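Accompanying notes for the structure given below.
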């Protein structure tokens, strides 16, 4: 059994890591840290784990004396980079779920996160934790940075088109996200009476995930992010112009070529049916990212759509998938849950 | 125009008072206090008032120099009683929406609120702000205490039966409430990701509104309160045993007799249709309390049902209705909104 | 009192017309037709009207013998045009809420509705029922066609920019709508278990309201429509390129100039606060269309946002506002409800 | 691999059976019938199964020529009993999810279902599919009848108290259920705009599951059923009088004694925390039934609470658990999903 530890295990991403790793047949979680909850049971903040584990949180300072091979980091953006040197000494393999090592260019990081990157020398060591596009590198990488939830959906939806040269010009992304994306401490803005039924355009421009999609697709990306009524779930609608002469068939072929062997990407673009395009509603709890498209023959445009559960494929599930790749295990291990319908 | 002031105007009840009183043709709001928001526009925390008023909040200490005849109190339970002597000096008429002057017996208050009542001498001066049962007294009362939201629904559903001697024994109340009942500062328990889709039995016994229903009906009342998925809305299901020989027709007659001339109570007990029993969904924003019943001939029991919008009939709307009664205006003044369907 | 009749009064738009017109101090509803519900009370399908009216639906064939001056049509698209000649004989003034007389060009109608227009000779007689842009004509028009719900939000958000020449190139509209937009008979696709929590891209291209926005703004418009979790509510995000040299200040000025005297359009574009951009959540039941914007100085783009209640400003409320304009009454008459917060 | 078939596989329970049985390591689904969808892929009506199976529905008449050992019946109440003789010839083991063989007494069946039972001779052959109380019999039973969803929650909450003699007198059950309980064809009552946000008391008395709880607990049971805002999820609050001298400790002990070794029942009755009592929100997709209680020392009453996912533990999951018991497999096989938080 592989021994792993989780930093920041009391948050929502931490809880999903605990859920998935406890169900993983090749992994033992030896430590889950939380300064706030140290000494208390993990099934307090994560009540779905009742009956599955008697584990308690430990303080971050106990990690030094613990023995593990993989460290998952679910710590806040901006804080993680300053501590990364220390984390790297604790474990051979580090899988980071913060935003601090996602962007290759520290200047762009500074521009999107509003602070100077304090560990730019470490950035090149990190591989993007997206097996669909970086599987080979991930198989031998010991520093993995999991992309943001909306970025994962956007990259998986846009990159096949961008790589195949089927689209041109900028990409307009309309991203929608549920409330769990704001984390456990969402404050007054996250109070149910305010957040329920919201269509809150919280980032009309320059959401941080925009930079990740641009980086992964070599496109100018403009993204608008809206909080919608849901706890889990992300959906992106990406509008682009088709290159001259590109047909719907070409688009479909490019998607199929990119993802036909992927365990966690389904191409959904049907003519009929309620769920003919990707929708997060049926993905809750699953590690799928559904991608799809609709081509407007009239004016040569396409809308590329991606959907996922932000805490699974857009976070903890993506991290576990990378773990599976890194250790050469079947990629679906511990990630078999298919999602629910109706839900 | 009658000049009124509101204490605690930045909360949800305060916002409803502002909405209703701004739309009231005989009232001018001269002051709305909030220590936290003093100097800022009321349409900040109450964005539905944009375009309706340029009013700003003032600090509580400005009330002394203001000139008004009626003071609405939307201040917290337990704090209000200690300040009541001061409030009573500020205005001729005081309408209190806190829980502090609802219970006639300070012992019962202490038992339900967990603190000793610090102004028991003032309790007898207050009239219960429920026009359906205390209209005559309210017409000449200058101290009015508005009942709790679940209590209002429960009293209106149960009291006609209790008064007519149609039920006997204890009453079991199953109360359901939306998230706005917890107020603006609902804390981590009120975060959308935790509260959304909840069926949270937050008070299996001894909710404070239980004592109000018992007081108003002279019955032993056992109430269980559950937070349900809604922002606004309260529904109570009250189970009781019918007295010997009581028929469905008797129940219907008693309801009709009690409420046939009431402007804001509708008796809803139909054989068919989606909305054949009271449901808060169609009452949002309105001052109605719908009451209804279903009789089980088999075993001689009845379920009495009440539904309302907790911020309107269960709070600010009830207070405005009392104002109308007190000043001899048509009772519907400023309260005409009928509710929406679908919603 | 002006005498009015409503065709198609059992649907959701019909119900809102009944609610608003019953509350209108200058109007009497003399007939509300429904073939399916003829002879039954209007408060059956519209339970919020209980206690407000004892009216019953009548069959369509009774209209000939009724006496009224204004006829509201809430009949289906495609059916209305064939019957319009008959309707015009029944009343001096006809206000049509179907889609059949919104588009000036029958070719475009055919292209978007999939059928040939059967009464193209009548189209020129109709004035677009949007007082913000056609007030003068509406004041003397006896044929009024109310725009679609998403179209209303889109036109009010985009037209000031388009008219002032502040934007150039095509406009990408991301429209979101609640379930009531599908009407009473939404079928299996509208079942709660399927529609709840949906982010359903039901029209990636060529939604009919797209053509209306294009017509009103003289722009190429590409619209994607998504069904979201809400009963009422429409929000549009309209992405456009700013013309050279246009600043945020210019955008704000153009909005202010267009709407500063409008009773039902508020410009919402604040730097702070939860509701700093338009959101339908606080507009339920109200006749407001909130419009706003965010400018990206970086790349010279703007997102123009509109929000409204699809059954009120996007339907029945817009029709009542047009009635007020047509008859020279204060425009807010019968439309005073400000919306609710929280909700 | 055990070969199984499913009758009525296009409904919601059928879909859950397909999901669970496809993930079950010892089972092969050889036929899934649907007259309406025969010849079409199962991942049409069950889109969460995309990528998991290429299976198509078959007509019911193909079952005769198919080869399987276990038959799951997800056919409608009242229809199933008439066909049961035929079904029993098709497979050695039949697991019925309809209501037709749940009640031991055909008179009571007639009273609750409104029709005479047409196969009363078969009733005694069926074992109640509730392993917690009938494990030994189920291990050798070839006719299994799965209890209703609300009945399962109610029986698991009440029976330990009833059996231990800790409660006396009638039990008042307040049951709440999500919209998926109405099935795929919920009709106009199930339309999103009507069902969203509902607190619909659809059965104030004599819901069919009431009879099952009475049968299993030997108590007089009065149940009121309310449709609440949720797709999945059932919660029951069962109010009872404690027998003389019974303490909270006694109640806790009885629950622990009943369920301490149960894989799918957790006793949740904590003093603190958001999820201190059972709530279906965190059970979606899981096979748990959480049970809990709160004792009112004041008046010697108790509220017993049960919560589950109506399509899993209250339906398909319960059936798979019985299958595991019947074939001697570890009871958690295929049912490992722990549920999600937040959700």
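Going by the order they are written in, the chains are A, B, C and D; count residues from 1 in each one.
Going forward, a residue touches a chain if its C-beta (ideal position, glycine included) is under 8 Å from a C-beta of that chain, and two chains touch if they have at least 3 such contacts.
By chain, UniProt protein names: A, B, C, D = N-acetyl-gamma-glutamyl-phosphate reductase.
Small disclaimer: the values here were computed from a predicted structure and weren't measured.
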Most distant chain from subunit B by Cα centroid: A
Looking at A-B and A-D, which one has the bigger number of contacting C-beta pairs? A-D
Could you please state the distance in Å, as a whole number, between where the Cα atoms of subunit A are centred and where those of subunit B are centred? 45
Counting in whole Å, what is the centre-to-centre distance of subunit A and subunit D, each centre being its mean C-alpha position? 35
Which subunit A residues touch at least two other chains? 12, 180, 188, 193, 196-197, 231, 274, 342-343
Mind pulling up the subunit C residues that touch subunit B in the complex? 12, 15, 19, 22-23, 44, 46-52, 180, 231-232, 266, 268, 273-275, 282, 284-286, 288, 336-343
Taking the complex as given, what residues does subunit A use to touch subunit C? 172, 174, 176, 188-189, 193-194, 196-201, 204-206, 220, 222, 224, 226, 228-230, 233, 235, 237, 239, 274, 277, 279-281, 294, 296, 298-299, 301, 303, 305, 307, 342-343
Subunit A residues touching subunit B in their complex are 12, 178-180, 182, 184-186, 188, 190-193, 195-197, 231
